[in-house]
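See structure below.
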Amino acid sequence: MCRLVAYLGKEVLLSDILVKPQNSLVLQSLYAKESNTRTNGDGFGVGWYVPEISTTPALFVSVAPAWNNQNLLHLTKKVKSSAFFAHVRAASAGGVTQYNCHPFIHHQWMMMHNGNTAEFKKIKRHLRRLLDDDLYDWVKGGTDSEHFFALFLQRAKTRDLSQLDVVFHVLEETIQEVLALIQQYGDTSTQKASFFNFCLTDGKQMIATRYCSDTKLEPRTLHYALGREFVMHEGHGVMQEAIGSPECILISSEKLTHSDAAWTVVPPQHALLVTENMDVSLRKLK
Amino acid sequence: MCRLVAYLGKEVLLSDILVKPQNSLVLQSLYAKESNTRTNGDGFGVGWYVPEISTTPALFVSVAPAWNNQNLLHLTKKVKSSAFFAHVRAASAGGVTQYNCHPFIHHQWMMMHNGNTAEFKKIKRHLRRLLDDDLYDWVKGGTDSEHFFALFLQRAKTRDLSQLDVVFHVLEETIQEVLALIQQYGDTSTQKASFFNFCLTDGKQMIATRYCSDTKLEPRTLHYALGREFVMHEGHGVMQEAIGSPECILISSEKLTHSDAAWTVVPPQHALLVTENMDVSLRKLK
Amino acid sequence: MCRLVAYLGKEVLLSDILVKPQNSLVLQSLYAKESNTRTNGDGFGVGWYVPEISTTPALFVSVAPAWNNQNLLHLTKKVKSSAFFAHVRAASAGGVTQYNCHPFIHHQWMMMHNGNTAEFKKIKRHLRRLLDDDLYDWVKGGTDSEHFFALFLQRAKTRDLSQLDVVFHVLEETIQEVLALIQQYGDTSTQKASFFNFCLTDGKQMIATRYCSDTKLEPRTLHYALGREFVMHEGHGVMQEAIGSPECILISSEKLTHSDAAWTVVPPQHALLVTENMDVSLRKLK
Amino acid sequence: MCRLVAYLGKEVLLSDILVKPQNSLVLQSLYAKESNTRTNGDGFGVGWYVPEISTTPALFVSVAPAWNNQNLLHLTKKVKSSAFFAHVRAASAGGVTQYNCHPFIHHQWMMMHNGNTAEFKKIKRHLRRLLDDDLYDWVKGGTDSEHFFALFLQRAKTRDLSQLDVVFHVLEETIQEVLALIQQYGDTSTQKASFFNFCLTDGKQMIATRYCSDTKLEPRTLHYALGREFVMHEGHGVMQEAIGSPECILISSEKLTHSDAAWTVVPPQHALLVTENMDVSLRKLK
């Protein structure tokens, strides 16, 4: 069901986060620990911001498994960024093609998803009707995730996403709208749950949700770590404690290090909001 | 703009048609002679019938160029069939992904396309609305070709496609319907032409069109050769003359052999119909 | 460390063996049960004989994981054969490229390997020196497996491989020769073991070894099932009991079915020999 | 026969050199103008230096054609560098695998090749014998180019490559050594020529050769342009004239712009040497 990592803060070498830690995302692609889906080998993606060149992030995706991909190893060793997403995929909705690899990018916005949308096949055409021509054409793949992002972008058209508060509200509305579509067009007798762990960023601020439409079920795992800097210490990744305000945040499906100390669980049905000034807050989702 | 080959008749080794001839489809992928688009390197596909196993054809597609693909070379040397399609792609609408490789398959039907649909971006969502849920979901890629095929299948739902005459009519209606969508939703000021060279088969009968919506323009090239057997003779492919009725037909964007004698041009705005008994006729398209 | 399946006997649809069984090779690519290496996602290969066309087998390999490969699903549903190999790879020696996918083919001979050669890096150049120019050039990849096969072919040059007994001896000699190379050029202080589960066939007869150079260690798993026909029964694969002599044999790293009854373990340090007449015998390896 | 571009000097966005010019390398992959081999669709590679992170260059290679590769488009738009190589391949020696994509990297050194080595098959095993174990193992693919680079590195072991003059001499010696191997082990009756357009850099200095072993034949094309900065002007790439010393150099198989003015041909049998201070000189090769 996919695994993901998001980072915001002090510039860092991508491999220090994605490759070197004991339970790095690259290792999770082969053997995830906090998920029943062990193998996330149906492609991967990395998106990172290079603010001095463009507001649009760079993107590298592949349908190959992450664990043995030489390009991924090479690139992450040579790229630093202060804002990036990475994702390893276990295909559910949508086949194994580069168009179904996360993260998805639209201008300065980047999104990725861990989870699934119940009855997506049944609601897909109805969801697409809600999109303007530009966003209808923008969708290139077949995943529920990309379609969700398109609907979010549609809702955001008349809104000011430079306000993190607004981002939260549009995201919450999009979730509600998708659930309403499931209610209307899905098979209500089966009552399947949707799992919505989303990460969204514009390279400056970030938001991550941990959500399941059925509150009796556990949402997919999601943790975060705040600190001064994520460094390798005696072969182990360590999030150094911040002196004063935190300087970076790491959001991850799985704890990347053996030490539990640094990691905090995002509570179910909550969004984690991170401002440009690294102010972090939790907000309950409807 | 793609190149294609279709074969029906006496069982033949695929490589004898697709690889060995002087101007084989595999060579056309690298250097097409009868098209302004020289290189058709954005993937390929081969579909062939194995009637003793299934009415659905076998399919092998790849986003790699055909000219250096070892699997293609290996397979075509070891597979015989009495009905097959092969296609090399130069991507126009739809990116380079396996879902955009021709031929497309739906139950026993197989289709491929050389050409393009004017204003496809503008009509896509309107065309999709005409599809029932099953065909809406069946579409996996983003090409105009696959969407055209879906619309054909939609129109065919209440028709008896075992009659070649009916296949012709449904195909003609689908062409007209797509042209009507362009008229209604496209930008009429630009007046771009659509090029519709389609091949369709159920493994028994075959139909191939050579069509341009603007009759003042030359449609894409299309030839056919009828005979007893296509054989290699002194290193050259030769369609042997039939003794009595022909036993096989080769339909191809380009003449596969240097000799012109064997090849007949499909006239513009016509469909070539081939029955199970190898009766061949031309029919004018509206 | 890879998983493999070999089949010889009555013609069968490839998907009945490779895809449909409860613990099929395709499923083992994602989640192997009898190996510490759970995921075998670094490519796969299938080779099968089509005797009416050629003595050389057909080959289809890919660096993509088997579990979600559409071409593999399509092909195995449409190909029948009376002799075939299939292999899913977890890369050890040699990177993820099509040249490192098993099985390997040389004229009518086909080979695949589950295991590894200790100190391969150290012996590789010395092994290559033992090859004539033709076999030196024939090697395309970097695996110990392909190099082993090349050495076997070198040794076989003056021998009559139509005699299964000779095949056994050449194989045994090749194993001994590789072990001698390790002894001579490897780091003797580390004393690493080599694991040599090989399958070899010419499409008529077959041989499979289960071997570890260190007799105190358990070789990789290897089972076989003999019977009349492997069929699906109420959704479960079943090897039907032979009436009289067996008509087919299935050799597999893992039991493909839940039922243990049909399966026999190949004893450590043994080779399983299967003649053209389906005479099956075990022979102790030095 | 491949096409290549090398850049050294003032930091520039990779896409400004590799994608935007009228005759960019990406376009040459589809339709080269100064070569009989029109299509260079058998993979590509880009290597670039990020001195603030590492002396080893970053590397991105793919077996897909460059012309439609989304990762290449995305990356080159977001990466700036002051030293990089890019290469599009038409496979001659060595199949289509990532290990045969140029450039090749060894510590801080990077190499690429346009041309071919006569009788490579015949000399390969003899060349490999000249390599120490470390370089023998370092070779991953099957191209003459990578083997040439390995031999260069072998010769360089006892030399000080920080001196451009030394690099030139080692390169010249390697060429002579390979030609001697051809003389000794090749089929002298055929007298085939070798084409050696090599580019070599450590990210600071650069050397490029234009060489054919048969002086009666024209070597592969090679041009260079010196200037202050390569910029886009009214949709056309322009190398701006230097005010005083040049600040960058572009070395390319083909002129990247329509304007001939900026481009100088590297004379046959010469090496172009570029120092860290952008001193440019030509040196005759034996």
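Per-chain residue numbering starts at 1, and chain names A, B, C and D are given in the order in which the chains are listed.
Just so it is clear, contacts are C-beta pairs under 8 Å (C-beta built on N, C-alpha and C of every residue); 3 or more make two chains touch, one makes a residue touch a chain.
Remember, it's a predicted structure, so these values are computed and weren't measured experimentally.
S.K.: Between copies chain B and chain C, are the contact residues mostly the same numbers or mostly different, with half as the line?
M.R.: same
S.K.: Give the chain pair, either A-D or B-D, that is connected by more C-beta contacts.
M.R.: Result of the comparison of B-D and A-D: A-D.
S.K.: Using mean CA coordinates as chain centres, what's the chain A-chain D distance in Å?
M.R.: Here the centre of chain D sits 39 Å away from the centre of chain A.
S.K.: Mind pulling the residue numbers of chain B that touch at least two other chains?
M.R.: Residues 70, 95, 98 of chain B touch two or more partner chains.
S.K.: Which of the residues in chain B end up touching chain D in this complex?
M.R.: Those residues of chain B that touch chain D are 30-31, 38-39, 41-42, 63-65, 67-68, 70, 91, 95-96.
S.K.: Give every residue of chain B touching chain A within the complex, in rising order.
M.R.: Touching chain A from chain B are residues 95, 97-99, 121-122, 124-125, 128, 133, 136-137, 140, 142.
S.K.: Which positions of chain A touch chain D when the two form their complex?
M.R.: Residues 13, 48, 50, 53-54, 57-62, 70-71, 74-75, 77-80, 98.
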